[in-house]
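What follows is a set of structures for review.
Both complexes below contain chain A, partnered by chain B and then by chain C.
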Partner chain A sequence: MNWPYIIFYVLAAVTIIAALGVVALPNIVHSALCLVLTFVGVAGIYFYLGADFIGLVQILAYAGAISVLIIFAIMLLLSREVSESNPSHGRGKWKAAIFAELFAFLIILSIYFTSWTHGIAPDWTDSIGKIAYMLMGDYVIAFEVAAVLLLGAVIGAIILARGEDKR
Partner chain B sequence: MIGLTHYLILGTILFSIGLYGVLAKRNAVAVLMSIELILNAVNINFVAANRFVAGDGVIGQLFSIFVIVVAAAEVAVGLALIISIVRHKKSVNLDDYNILKW
Partner chain C sequence: MRGAETFFIDLARLIVTWLEKQGMSPLVADIVLLVIQFICIAAIVTVNIIILIWLERKISGFIQQRLGPNRLGPWGIFQTIADAIKLLTKEDIIPSQTDKIIFRTAPIVFIVISLMLYVVIPFGDGMAIVDLNMGVLYFISVGSLGTIALLMAGWGSNNKWSLLGAMRAVAQMISYEIPLAFSLLGVIMIAGSLKMSDIIAAQNNVWFVFLQPVAFITYFIAATAELNRGPFDMPEAEQELTAGAYTEYSGMRWALFFLAEYTNLFAVSAMAAVMFFGGWQGPWLPSWLWLPIKAYIIMLVFFWLKWTLPRIRMDHLMSFSWKVLIPVTLVNLVVTGCVLQFFK
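Coming up: the complex of A and B.
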């Protein structure tokens, strides 16, 4: 048995089929649940790559927080029939499909014909410690800007969702 | 052996599915979910390139953390915007949103 191939292809198949479910299912609640499955599949890809911390952050932030946020918004916004809540454009659907397929074809072609220079595999033992040193060292300004960005996003989201005062 | 091209092609397929969703879906929340797919595809590419090409440190993982932070902010603001628009237009269908059209 060729386990590395089997594990990768199973993870990739789960991710891609769940992602197709996100855009293809007519019920948006089912789409959101497929999105959670996609996030978990991508987390599995990270674990398979050896990036354990990113995989955990993916499960925590994406599969935990963002998907709950999206499902809450769906529950707030659902108004009419739930079985037809995620429609596509009639003719625009085919144009979008052709465009996306052409894009994927071109990118895969260019990936295939590029000669990648493979470096030495990096040492990812204690990756959390290395990430912490980089975040607090060379990239501390980006780290602080990210904190300010999150604060601004939270305040903006509250102001936008609350609506104007009715006095 | 599973190499860099496998991960890049997986990222491309995920990106294209998200691109199709952004272009074809009419529910505003579905478009936001498709953008999440696109950001996930980019994250896979970052981590895979760090693993196979850069060969030094954890810079790709650091970048994908920043992408996750921006994605969280984007989802929060995007959903608040959609809720705010739905309060005025009584619809989540993007075809009904023409308030910026002059």
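Coming up: the complex of A and C.
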């Protein structure tokens, strides 16, 4: 057992335990905070794999912003007793289990049938430069289309939130 | 002067060679060195904060025509140490209706995140703990995690003032993160790198504050809001929210929040020195003195603003970010890009 493996297993354990906490904890605010820990754990695994840019963006976007929005929404909209607020209890848990198992089966199948060809050992020194050249070069149209799509979503959300009469 | 310049680097090398001579593998020696570096950071931060709190109280006294702390030691210099001892010995009060785990961990999370910012700050020539390839991005993304800790404090306290304060803090920090990152982008575009050492090397001839004056001003405003300092200290507006997210905290847990705020203040000021004022570059003095000097000058401006300007209203604060700062930083980015393209 050498160092890199220990680091990986620690990260994986943190991520999985936090993910179990998201599902199992009765208080939904605790679940949301566990979700943050899951995001951070996944970011750690990205760092471990050498994908430092994706890891940092994972922290910035998911752990720093999206999870905060989730917690905000919970705090503003929650009207029930908070200690029993996680809806993952009780109803529909058998259906959820079946779908989760089906999904896991599909993922395992696709992992098993992918031929993992290793290229030349990639050069980690300037991953962000390569990402920049790809995003702004070969895939610039997809990148811009995604930006326009997000802008449309933002405008739509604002129009929906404002309501009709205030226009 | 040569010896003083590389003093800390020589010391680190000496420790590593000594450890390897004791029969450790290079990897373990490096890890031991890392631990030593983190202990040094924690020590620097603590000492620094004791000085900073005294300085801020002295300066606020000067601005308000009072004396400030003046009893313990010359110019009251030991006042903060006495305060620290008092805070350490106070009872750790946890109100009965709080969400215990969240309430207890929130200050720890907050201080850990603030300390993590120091990993990438270059304290001198080659003296960053890790000179990350994307140090600026690391700084921004780790800094964004602080909102979670404030939210935990506000929620865990189970108190309406705390929750309101936390919500204000989070809304403010998320809104001002965008102009903060955008104003740093202008500098990054000129330097062509996210690495701190490259950015400092790019300022050999001229500091970026002269090339990007608009970006520096927007960075400064956004950083003030990000730090929840006056005139943008709505999250802990004493007159309406008692102490915001910190209302229920006392003793050392409250002190940890206080510590973390000053830790963030120094980190943000050091970052401003690195991005706009040439980092550790400077004549005569060794490089590891120049960065603290520049950071302290920037912090003095933060103090000056806090004690001079009145607090502004929450809705004005939010609309200022979205309707003024973000458009200004975007225009600055476009202009920077055009100029770079034409003069390449």
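Throughout what follows, the second predicted complex is superposed on the first by the 142 of 167 C-alpha atoms of A that agree within 3 Å, B and C clash if a C-alpha of one lies under 4 Å from a C-alpha of the other, contacts with A are read in each partner's own complex, and residues count from 1 in each chain.
In this text, a contact is a pair of C-beta atoms (placed from the backbone, for glycine too) under 8 Å apart; a residue touches a chain by one contact, two chains touch by 3 or more.
On a predicted model such as this, the values are computed, not experimentally measured, just so you know.
Q: In the superposed arrangement, which partner chain does A:Met75 touch: chain B (first), chain C (second), both, or neither?
A: A:Met75 sits against chain C, while chain B stays out of touch.
Q: Just chain B (first), just chain C (second), both, or neither: which does A:Tyr46 touch?
A: The answer is first: A:Tyr46 touches chain B but not chain C.
Q: Quick check for you: in the superposed arrangement, does A:Ala65 touch first (chain B), second (chain C), both or neither?
A: both
Q: For chain A, which side has the bigger count of touched residues, chain B or chain C?
A: B
Q: Give one of first, second, both or neither to describe whether A:Ser127 is in contact with chain B, with chain C, with both, or with none.
A: A:Ser127 sits against chain B and chain C alike.
Q: Taking the superposition on A as described, I'd like to know which of chain B and chain C A:Val57 touches: first, second, both or neither.
A: In the superposition, A:Val57 touches chain B and chain C alike.
Q: In the superposed arrangement, does A:Val148 touch chain B (first), chain C (second), both or neither?
A: neither
Q: Does any part of chain A touch chain B in one structure and chain C in the other, and if so which residues?
A: 53, 57, 65, 127
Q: Considering only the defined contacts, which chain A positions touch chain B in the complex?
A: 4-5, 8, 12, 15-16, 19-20, 22-23, 28, 31-32, 35, 38-39, 42, 45-46, 49-51, 53-54, 57-58, 61-62, 65-66, 69-70, 73-74, 76-77, 79, 85-89, 92-93, 95-97, 99-101, 103-104, 107-108, 111-112, 116-122, 124, 127, 130-131, 134-135, 139, 142, 146, 149-150, 152-154, 156-158, 160-161, 163
Q: Which residues of chain A touch chain C in the complex?
A: It comes out as residues 3, 27, 29-30, 33, 36, 52-53, 56-57, 59-60, 63-65, 67-68, 71-72, 75, 125-128.
Q: With touch defined as at the start, can you tell me which chain C residues reach chain A in the complex?
A: 27, 99, 101-102, 132-134, 137-138, 140-142, 144-145, 147-148, 151-152, 155, 163, 167, 170, 174, 177, 194
Q: Any idea which chain B residues touch chain A in the complex?
A: Where chain B meets chain A, its residues are 1-10, 12-21, 23-27, 29-30, 32-34, 36-37, 40, 43-44, 47-48, 50-59, 61-62, 64-66, 68-77, 79-84, 86-87, 90-93.
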